[in-house]
Structure formats: structure tokens, C-alpha cells
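Note that the chains take the letters A, B and C in the order they are written out, and that residue 1 is the start of every chain.
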Amino acid sequence: MTPVALMELAVVLPLVGAILIAAAGRNPNLREAVTLLTAVLLLAVVVGIVSAVLEGERPEVALIGFLPGVTIALSAEPLACVFAVVASLLWIVTSVYSIGYMRAHHEENQTRFYAFFAIAIAAAMGVAFSANLVTLFVFYEALTLSTFPLVGHAGTAEARNGARTYAGLLLAASFALMLPAIIATNQAAGTVTFAPGGILAGNISDSGAAIILALFVFGIAKAALMPLHRWLPAAMVAPTPVSALLHAVAVVKAGVFCILKVTLYIFGLDFLGDTGISVWLTYVAAATILIGSLIALTKDNLKARLAYSTVSQLSYIVLGAMLATGAGIIGGAMHIAMHAFGKITLFFCAGAILVASHKTEISDMHGLGRRMPFTFAAFLLASLSIIGLPPTGGSWSKWMLMLATADTGQLLLMGALMLSSLLSIAYLLPVAVVGFMAPAKSGDPGHDGTAAGIREAPLLCVAPLWLTAIGTLALFFFAEPIFAFLEPLVK
Amino acid sequence: MDFPGLFNYWIVIALMMIGFYIVISQGNLVKKIFGLNIFQVSVFVFYISMGKVEGGTAPILAPGFATYTNPIPSVLILTAIVVGVATMAVGLALVVRIRDAFGSIEDDEIAKLEGDVT
Amino acid sequence: MISVHQPILQIVLPLMAAPICVILRNAFAGWLLALLVTGGAFVASLILLVHVVNEGPVSYAIGGWPPPWGIEYRVDGLSAFVLVTVAAIGFLSMIFARRSVEAEVAADRGYLFYTMYLLCFTGLMGIPVTGDAFNLFVFLEISSLSSYVLISLGTDRRALTAAFRYLIMGTLGATFYVLGIGLLYMVTGTLNIADLAARVPEMTHIRTVQMALAFLTVGLGLKLALFPLHLWLPNAYAFAPTVVTVFLAATATKVAVYALIRIAYTMFGGPTMFAVMPIDEVLVGFGLLSMIVGALAAVWQTNVKRLLAFSSISQIGYMVLGLGLADVTGLAGAVVHIFNHAMIKAILFMAVGCIIFRIGSADLRDIRGFAKPMPITAACVVVGGLSLVGAPLTLGFITKWLLLQGALDRNWWWVAVVIVAASLLALVYVWRLIAAAYLHPPSERVAAVREAPAPMLLALVALTVATVVIAIDGSLIGDFAVVTAKQLLGSGE
């Protein structure tokens, strides 16, 4: 198949999957088989696109005329490929994990869950392969809307409130800030199509560009730059697989991916570097990194701690983009992949702990590691990746980002990154340490009333989290190809 | 522009304001309808007087007459009168129904009754 | 391709059918007749639209009297577009109507309901086709008088007072309109819109012409419920029978917007006139006020019908704003929004009709959780609501895009800020609707109901699917609107 057809397929396939899932709702086995099959096929499709891009192709296709002068169009380039591969690869793993989790947890409305999950992936693929800002916006909103039922899945008052904060903040920010920015871009440049080197340079005053940049960076609230990060912790009411794939990978990465896209293809690195309009945003990002880490330290609920860790880690990527240097962009793009594998593992572990022991608070997990050694070992490994220590993938992206701050002479920012790594040691390692080392609390009620009753989570939960944990290791050794793949972006 | 030359417009304005004032100030729904009618009539007068040509006669072809009044405004107003009558009929019919439903045709009393329901 | 008499067909048919309806004295027969007539009018207007788009405007001299002596019917792109919109909604409302009318209108008055409906339909179909300014007034009054009666048929006694207030306001508006036309006639000696269009733009400096525009704008402002002339609308929409609300909310105000576009642009030459008398800025100002005030009021409503009524006031503001922006994109935005809002409001009010039919209330607290027993209705509410907010892939997004672009074209960034603020308010009240549908467990009363009857659903789903399909390939309607706007601004055919 041609790369163009593959791109179209990447968006359509999960949608077809969603319809089939809905149709197969009465038969759980068939339904989950459809989910897995769709996920595998999607990965194959994405790999096909990547191989075309590797050969230097830049497929493009206009699908429908949408507005006068604007079309819904798809295109593929390395950045898009990274995001698409990460999302589609992890979808397979998450699907397996979901089956284990949802069955063990006896969740209701599982058909709705799988169907909307597939739609969300379709939207994520659309975001990845958008050829212009309007297409990006369309899929960005579709991603918000399709994940809304997933966040509110439990249907309790708490889930309702969380879902409201989630959708309300994301929608409001995109309408109030991002959409005006897109329209202002169209106004200034006469186009909204992504182009290497940017489209705004020379078409707009510096102050105008500064305003548009700020509207974009804050309007893309999925990147969770403070103060627009509140939705991310609120979304933690969702079932764990949702938190894992969407709030560690698809949704949040869509946010930072959009920011990278806008930086590269709307403003252009040279334009940003020359005007210096993005400097103040690097400080906002650095502040988010530090404040996010500090808040994570105070959280006892494991998922909440991970959520704030995500807030903090996302701003690494925003920081990389706003530095407007080659190393920053590549470091940011690599961090999309590195952080995805690390964070999804952590969330899987949190879910496995919940399924096996019904525990959500870290202070209740004393000695749990000895009962669930596989889960906690994976947790430790993934923690290393988030912290940025070898031999895990996270060390490379953090290294690149450090280099970028050094290139621009921003020693303050470099300090912030280092401090944040220390903080992440402080909030992640204790979880594993307490699990393995601390004596179990006496009289701790477990699954069947006694701590002794707690056993390792079901295989369908543990296998996926080990896969992703091994992924973080593999990324350490295979970082070079990714780097080479991304390098054309900034050449 | 001596005074009598434009006095028809003064009458129009006076009638219009009288009608408008009644619509706004009167609490009695029937009186409101009549005020509305006076308001409309002022526009009828406006049209008809505008079509009048000084020294002109009725627009019927007859020997010995060269100047005729413009007939079109009068014709238009025939239509407008029909509309006005229909409006009045619907309005008064509504007042009858309102009296059946609320037992009053005073605006303030009805407003009070409406408030009780909600 | 089309018959010579095509332009008048969709007016004469319903006008003749109305008295037949009275003679039939039977609600079912009346309904069937109305269904057939509106369906026929819909098909006829579609043919007309295709013809006009391909081959240019059509002119028809009534009774064989050539214009400007006789009354001319003139159909160009914009009027055919509005015509199709009205006819489509009119037809679908009739599909929807039967059960709803049975439930909400006394049985012995059923046939009269359809009579009035047909008359109202005649009036609203007449306004877009007529090429005569005074004839436009006649159609305006035909539609208004019949809508007063239709509104008064509501079950709540407050429908009567709502109709009465509408009658007072509507008649004042119509009288202002006649006065404005009279002033124009004094200066130009013609009532034919094409004739006026040729003469008026050269007379913009004359005080009488300026006064005429002021009277016409205020008169139509009352009809289209522009803030602060909107007071009649909320109660009228809230207490009228649902079918009437669907039809009027979707078409009546939109037709008034059409009339305002005709007058401000075709008759007065748009920008030429605005240069002398800045009506455009006045319209922008009141448009923005309408948008914000309407949306703010909507946020606080607990009755869904009233909520949507206030939302209408807000949405009218968008159209008037686009009109006032007086450039191609802004005007195109207004044209798209005429269609867009007609569709949205028809969908949402029909959905409310289904809810009232089954649950018997339109109060947000009573209908909580209705998505469970009525999933299709709820899904349509979501689509309509998203379009109202302007989510991408809906027509609302196209409107918003064009309006924002238009505002920036004129360098009025503060207008853009207000548009965004109004959209956010829309998000809030649409949210309340969707939350009521999905986020609450249904009460026993709600859980016990069934999905709405098939014909009602059919109309609702047909509209919803139509908006989605049209919105996905939005360039079709977008390009049409841009062409129309260019024609109105006189910059190229």
C-alpha cells in the first residue's frame, strides 16, 4: 500500500475497530479479540508509514475541503512517526493489560470502555498525522471528547467531578486560546499548513508572534503547563488503563507533540531563536517542573503522585521546545518515547497493586513488594527511567535536554533540571523501597482480610508491565536509531 | 417650508407618539391594543398624505385633468389596513382568552398570577 | 429545466392548502395535507436552489405585470438558500409534529393548528422570494399573525400572555418597518428591491434615507429579537407547543436576519451606506451584547426550553455581528450561521420535544439521566450542543472560524475576545444539558420511559445526520457563503 493510504488507514482502522467492538459487545471474548487485532493491525500500518518516512518520503494527502481555503489533510514526518509508534505500540500492551485489569476488577460498561478507547486512539493518530493546524485542532478536540466517557467511567459523583474538570479545562483552553491562535496564524501567514522552517517568520511583528506563541503554549492545555495542569490530577479518577495509556501517553503526549509541531513548523527554530519570544516560557516550564515535583512529594495516593510527576515530566518537553535549539527539540521528542514507556509502566504497577491488594495509598504498601515482587521490580526499573539514570532510556533524553540548556547558556534552567531529578528520586524510589524493605503493618487488611492473602496480580496485568519495563531498558541501548531518525527535523 | 406645508407630518408624529405612549403606559390589555392601532393608523396617514399631489385629483382618467394624486400609497395602505384589522382581531381574541385563563385583563395582576405559578 | 412558475409555487401551495385545512376539519387530514405541502415545497425549493446556483437569479412577475410596476419575485443564491432552509425545517417539523401536537394541543383545535402552521410557513417562505419591499412586509405579517396564534395554543396559560406580548412587540416592529419603507418610497418612488438597490446608494446623504434605514433596522431588530429588543422571545418559545417552538426558533428569526441582510446590503449598498451612517458598528455592538447577555441568561435557566430560547438570543447575536462586520468573511459567517443555527435549534428543540413527550417535563432536574432510556435523543442533543459551542467538524466551527477571521480582518481583536467569551459561556450551558443527560443516574420516573416514537426520532435523526454530513465537507457551504457574501458586497459575481 502507498504511504498515503496507510495514513488514512491509521485514522480509520481504530474507528472501524470501535464499531466492531460495539457490535461485539455481547461477547466479551470476541470483543477483546477485536481490540487486540485492531491494535496489532494498527501497529503494522504505523510501521509501514515509518518505513516510508525512513526512506525519506514525506507523504501528504488532502482529505476534504473543510473551510474556505483550509482542508483536512494528513502528512507524515519523523516527529509524527515517533508519536504514532509510541501510541500504537503501547495500545497493544495496554489492551492486554486492560483485559486483565477490567476482568479482575469487575468493571461495568466494558464495551463502552473498549469502544471509546479505540476512538481515542483514532483521534491520537489523527493528531500525529495532521498536516495543518485546523486538522490538528479537529483531532485534538476529538481526543478530549472521546476520552471524556473514559475518565467518567465509574459514574460516581467523584468521577463526574473529575471528568468535568478534565473536559471543561481542556475544552475551554483550546477554544479560548488555541483556536484564536490558529486563526491569528491564518490571518498573518495566509496558511495554516505545517512547513519546515515555520510559516510565521517575516509575516508578523515580534509582539504579535509572542502573543500567538503564548496562546498556543497555554491553549494546548494537554501539555499541562502550569497553571493549566489541574485537569491531569482530576483525570486520575479514571480506571488505571486509561490513566496509563491516555494520561501517560496518548493525551498528554498529544499535547507536547502539538507544542513541538507548532515550534518547528509554525514558528521555526530560527525565528524563535532570533526574536527570543520563547525565553520567558522556558522559565514557566522550569517552574512547572519543580512545582510539579514538589507537589508529587506531598501526595500519598500513588496515582496522584504519578500524575504530578507527569505534569513535571511533560514540562521537560515544553522546555526543550521553548529552548528553540536542535538538541532541545530532539531531546523533547525522545522524551516523548522515553517518558511514555517509563510512566505507563508505573501506572500499570499502580493498577496491578490496586487489583491485587485494593491499596491506593503509598503508606499502606509497606512490605507489599515481597508479596508482589514482579510488580515492584518493574516499578523500580521504570522509576530509574523517569529519574533519568542508566541503564534506562530516560537518561538519554534528559542528557539531550541538559545539553540544550548548556548550549543556550541557561545555567539556571540546567540547575532546575538537576534539582528536579533529585526530587524525582525522592518521590519515586521510596515507593519501591518501602515495598521491599519495610515490614508489613500488622493487621493490615488485604484482599481477603489478611496481608498474607495478597498475591501477585493476574498474569494479564503483570506481563504487560514487564514488557514496558523491558522497553525502558531497550530504549537505553537503541537510542541511537531514534536520534538518527529525528535528526533531519533540525537540519 | 411654511408651517401648514408640513402639518400632516406633525399629525403623524403626534398620533404615533400618542399610540406608542398608550401601548407602554396602559396596564389594560384592551387599551394596549387600541394604542397599537392608533400607532399603526399614524403610519397609514403618513402614506396617504405623502401620495397627495397638490391640486391633483383622484387618479381616474378623465378629460380636463392632468394632475393626479399618486394612487400607489393608498393601495398599499389598503393592504396595511387589512393587516391592522387582522392584528387587532387576533389581539382582542387573545385578550378574551387571557381573561378566561387569568380572570383579569390588567397587566400587573396577570404578572402577579404568572409569578405564582413559577 | 424548471417551470416558469417555479418561484411562486412554494408560496401558493401552502397558501391554498391553509383554507382547505379548515374545510377538512380533521386533525389527521390536516397533518397529512401539511406534510405533503411542506414536502412539496421542500423539493421545489431544492430544485430552485440548484437552478439558481447553476444559472443565476430567477425573476417572476406576478400576474404578468412586469417590474417595477408589478410585484416581482426574485430568487438569487441567498434567497434560495434561506428558502431551502425554511422548507427543510418546515417539512421535518411536520414529520415530527403529529404525536407531539396530539399531546400538546386540544384535539378539537388540531386542524386549526395545521391551518395556522401552513400560513406561517407561507409567510416565511414568501420573505426570501419576494423582490418587493412592501410585499415583504405583507409576508412578515402573515407569518407573525399566524405565529401569535400558534404560540397561544400552548398548554400553559402563560402561552397566552407570551403570545400577547409578542403581538405587541411584533406589531410595533412591523409598523416601524412600514414607516421605513414609506420614507424610502418618498425619496425614490419605487418599492422594487432591485430598483431601490440602484437608487438608494446614491442618496445616502439624504436624511430621509438615513431615517429609513434606522426605522427598518429597529423594526427588524424587534423581529429577530436582538438585545435589547428580545424580551418577547423567551416566554414565547418556552410556552408555545413544542412543534411551534421548533419551527419558529429555527426559521422565524433567521428569516428576519435574511431580511436585514437584504435591506442593509442589497437595498442600501452595505459599506457605501455604512460610510455615511455607521449602522455596521451599531450592529456589531448590539450583536456582541446579544451574544453575551443571551448566553449569560441561558447559563442560569433550569427549564431546557427557556435555556435554548436564551441561547437563541445569543446566537442571533453572532449573525448580526457577522452582518455588522461588513466584510466577506464576516458576512459569510452570518450566512453560514443562518443555516447552522436553524439546524441546531431544530435538533435541540425536537429533542426537547421528545423528552417532554415521554417524561412530561423540560426541567433540568426532572429529566436527569434521560440518556439511559432515550439514547438516540441524547446523542442528538450532544451533536446539536457541540455544534452550538462550535466544536470542530460541526457547522458551528465554520461559523466561528469565519467570524473570528472577519473580526481580525477589521483589526477588531476585542470582538474576537467577546466571540471567544460567548463560546465559553455556550460551553457552560451546553455542558449543563449534556451533564443532565449522561452524568446522573435516572430517577425512577425517567428510567421507566421509552425512547421517543419513531416518526419523531426520524425527523430528529435526519436533521442530526444532515448537519454532520454537511459539516464534514464544510467547504461546500463555506464556499457558497463566501460567494454569496461577495455578491452582496458587490465585489464580483
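Keep this in mind: a contact is a pair of C-beta atoms (placed from the backbone, for glycine too) under 8 Å apart; a residue touches a chain by one contact, two chains touch by 3 or more.
Computed from a prediction, not measured in an experiment: that's the story for all the values here.
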| item | value |
| --- | --- |
| Arrangement of touching chains [line / ring / star / complete / other] | line |
| Innermost chain by mean C-alpha position | C |
| Cα-centroid distance, chain B relative to chain C, in whole angstrom | 28 |
| Whole-Å separation of chain centres (CA-atom averages), chain A against chain B | 69 |
| Separation of mean Cα positions, chain C and chain A [Å, integer] | 44 |
| Touching residues (chain side chain A, partner chain C) in the complex | 64-68, 70-71, 134, 137-138, 141-142, 145, 149, 152, 155, 160, 163-164, 168, 171-172, 175-176, 179-180, 183-184, 186-187 |
| Chain B residues within the chain C interface of the complex | 20, 23, 29, 32, 36, 39-40, 43, 46-47, 50, 72-73, 76, 79-80, 83, 86-87, 90-91, 94-95, 97-98, 101-102, 110, 114, 117 |
| Chain A partner contacts - residues on chain C that touch it in the complex | 332, 386, 389-393, 398, 400-402, 404-405, 408-409, 416, 420-421, 423-424, 427, 431, 435, 438-439, 441, 472-476, 478-479, 481-482 |
| Of all residues in chain C, those that touch chain B in their complex | 134, 137-138, 141, 145, 148-149, 152, 156-158, 160-161, 163-164, 167-168, 171-172, 174-175, 178-179, 182, 185-186, 191 |
